[in-house]
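If you scroll down you'll find the structure; I have some questions about it.
Lettered A, B and C in written order, each chain numbered from 1.
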């Protein structure tokens, strides 16, 4: 094929109606979706010859590590930088990631993920950003390996957009912030605030709103075992609920 | 005492009631009705009559079966309202089961209205239903559309229970790793097949 | 009630977040501006690790050795007290990160693991899997989020810094910034401003490993308002990167270390598939040029050799800039085990498998050693005086800079795994310096309303002009021209004749950039407008880089001019007359060029350059570098 053909769903602002435009650019080796969108900016003309505003989308590192460029590509949410053109059926359909409010074109507002991370207290409480002179706590290599998987979450939002329970119709926080609770609760000092984090996800919109469709783990570009985290948190909240109802056992910290 | 997180407790109660007593009752009910195989006399005299002789049976039926079931169904509808499923976009088994769990919930609810109405409710004013349940069921199930509805109701109920058990394992934290979830899912699937076999066996028993 | 003094931090990468944490640690409120959610910052791209001497590998490593390696790697161009303090602080920084929950890789005993990294002999690099920068940034991001939820930080994500607010005395008293959604321009008053906006690799796009937002526009805007820019001519090029249409992705040097061979077809424009090109038609140029080292020759040498073969001999693959980095002759199991991460990246982004098809690579602009000039105060121990308000201060009072946008720590070239360290350290120091600055402030009258209004309306005017402009130049196409021009003429290998041409070309580009016509005239999320502004700032920076490169007639670190090489006399050593003669010339050259170049803005002309002495008080260079 001598051209790359695209159909892009556009939307001028959050309140306007979406519409579709078709574009095509000359084919060349090693194009990906971001590089095609970059090329389009040089000459933003639709296939019908109309000169239009360049497509708006988010991108930065283009190494699938910053999480910016996730969008719906041929109906599947994924980072655009690692979506190689040769592997896609044409015309390639580009749409904004569903479930998030559209800002403009393919740009969506993912700030709710930040709010969720605040809500679940996804951090380790430290006295201050200074050296205490104490060495690092020991962490078994096997525990490290499990934790490292979760620490690579880049808040791209792909897992949320594929989640049937997540969206404007519900207050479910989704897999990504839940996995961070799993991560923080496993840290040698992070576990001091385990109860607080668990209580945060035991409320409305928390862990128990998961419907176990498990699309999240299938679409995660980083292969993070999100459903394992959800299972582990299930166990932690079960124990926590028993403690809340029947009283603490001897503190184990 | 203050309940710290009523939301989680409600969800867990919903999950628990699905297994106990509702799921357990389904297993018992299917086993009970598989006795139809041994003929009208045995079924009416040894199986149904024994149950009917129990003291405070209506209380048991209401407290142990009806109320948990109603809670499970009612709260299930609340959960159902959160679904925005895309089974065609994400063609994964678990996503399909997620949809089916909710669809089957509605199906079971409709089936139960029919089923309970035609049997337990009808028996309140029709003595013949009470005295010869086997005959009553035989009369019903020989009509092809009712038989079909019962088979569908059975399949949906078993699917709902078996898949409900598999997700219950995740929800309560019994199964965490992908391997454990898959393994327990297979166990639940086998259990479901067994229940279907028992159920079909029982339905066919009424036709003999 | 008196409002406490306010600090503004610009940039949500490692340095900016460190500064924010240290300022809030002292109880001062911070307004933190970032173009995007912090997790999107370019810091996440650093894969390798962070250097810190823990000496846990039985190699008798020492902080002194880290200092020496850093200074020598930078060919002595870095001021030594800050480098000394950085090396001393490194273990503490790693321990602090660890407390924040950063998932550093562990040994079998569960202790921090360390590995070997380019250019040094000891295992000194802490790492977190293959995504150390990401892990460090996330640790800080979580801490800042915690403080945000406590009300100590107010975060403005999606705002772009446009200009500094300066009072009549030239003191920096806040910023003007633009909301990237509705293009609203507002003045934000503050008592001090910290710039932590990263590097400017985008002037070499797409042949750069940096993210698309690494335009350097923020630093350029400060420079245009009078901040000095130091050592701009020093830009590190990474020899092995895979060229993409969108960006050039780093392939770790480990690929060469583990036995990868670099070659091109001997025939120019040979269009055959590499697997069918026989050995006799392959030019293993690194092995021929450097018989002693072969493919494992140092980064700089490799970059220059690849440059020579492609740009000067015209032997790039199918006439392009690329050369093969071949792993196909190695045992696939071995390669997969040792280079798994690289193979994954290459497969993911190139779509071919390096186990069966040679990778295609080219040197790419990776890291600017230069940046905004920053001050420091030396203490009695030869390091930086802790908490001095002079540390990390630019020449503009009230403006501090830290991270990749400062010129503080790497001299003429940067040691691998020192960038995460310098970003963290400089951010921390800047935060502490700013606290001292704020504590030392005497009450001042508020910035006159007229200054605020004038600054805002100047920026609004710029937007209005761009939105109305009917020119025919497309900012994105001009950016391609800028990148190609800088790569070709101000790149790996430099010659004065070409630099003079480059400066002319850049002046022309600057004029064309003033004749832009935007395809997008919306006042809602207008990326074209935002980029058109950044492009003009990038061209300013590029002009300064080219002018600085033209002025420095020597080879030092990453700055290489073949006309001014000074090779060691072959076979001669200390005591031989030839060697002593060389030493004399070497000393004379240092006398002339071992200087910090400082560029300052000269409206409508090339920048004014001057040369300041380097503080060599810790470990002065006495012996020429001799790797024989």
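General remarks:
By our rule, a residue touches a chain if its C-beta (ideal position, glycine included) is under 8 Å from a C-beta of that chain, and two chains touch if they have at least 3 such contacts.
Predicted, not measured: the structure shown is a model, and the values here were computed from it.
Contact topology of the protein chains: linear, an open path with no closing contact.
Comparing the CA-atom centres of all chains against that of chain C, the greatest distance is found for B.
Closest to the middle of the protein, by Cα centroid, lies chain A.
Measuring from the averaged C-alpha position of chain A to that of chain B gives a distance of 37 Å. Chain B and chain C have Cα centroids separated by 65 Å. If each chain is reduced to the centroid of its CA atoms, chain A and chain C end up 28 Å from each other.
Shown for chain A are the residues that touch two or more other chains, of which there are none. The part of chain B that touches chain A in the complex is made up of residues 3-5, 7-9, 11-12, 79, 82-86, 89-90, 92, 94-95, 98-99, 101, 167, 170-178, 180-181.
The part of chain A that touches chain C in the complex is made up of residues 12-13, 28, 30-32, 34-35, 38-39, 41-44, 51-54, 56, 58-68, 81-82, 84, 86-87, 103-104, 107, 110-111, 114, 117-118, 121-126, 128-141, 144, 147-148, 151-152, 154-155, 183-184, 187, 189-190.
Residues 75-76, 162, 164-165, 167, 169-170, 172, 199, 202-204, 206-215, 217-219, 225, 227-228, 230-239, 241, 244 of chain A are the ones touching chain B in the complex. Only residues 18, 21-22, 25, 36-37, 39-42, 44-45, 89, 91-96, 98-112, 128-129, 131, 134-135, 138, 142-143, 145-146, 148-149, 157, 181, 211-213, 244-247, 249, 345, 348-351, 428, 474, 476-477, 480, 519-522, 524-525, 527-528 of chain C touch chain A when the two sit together in their complex.
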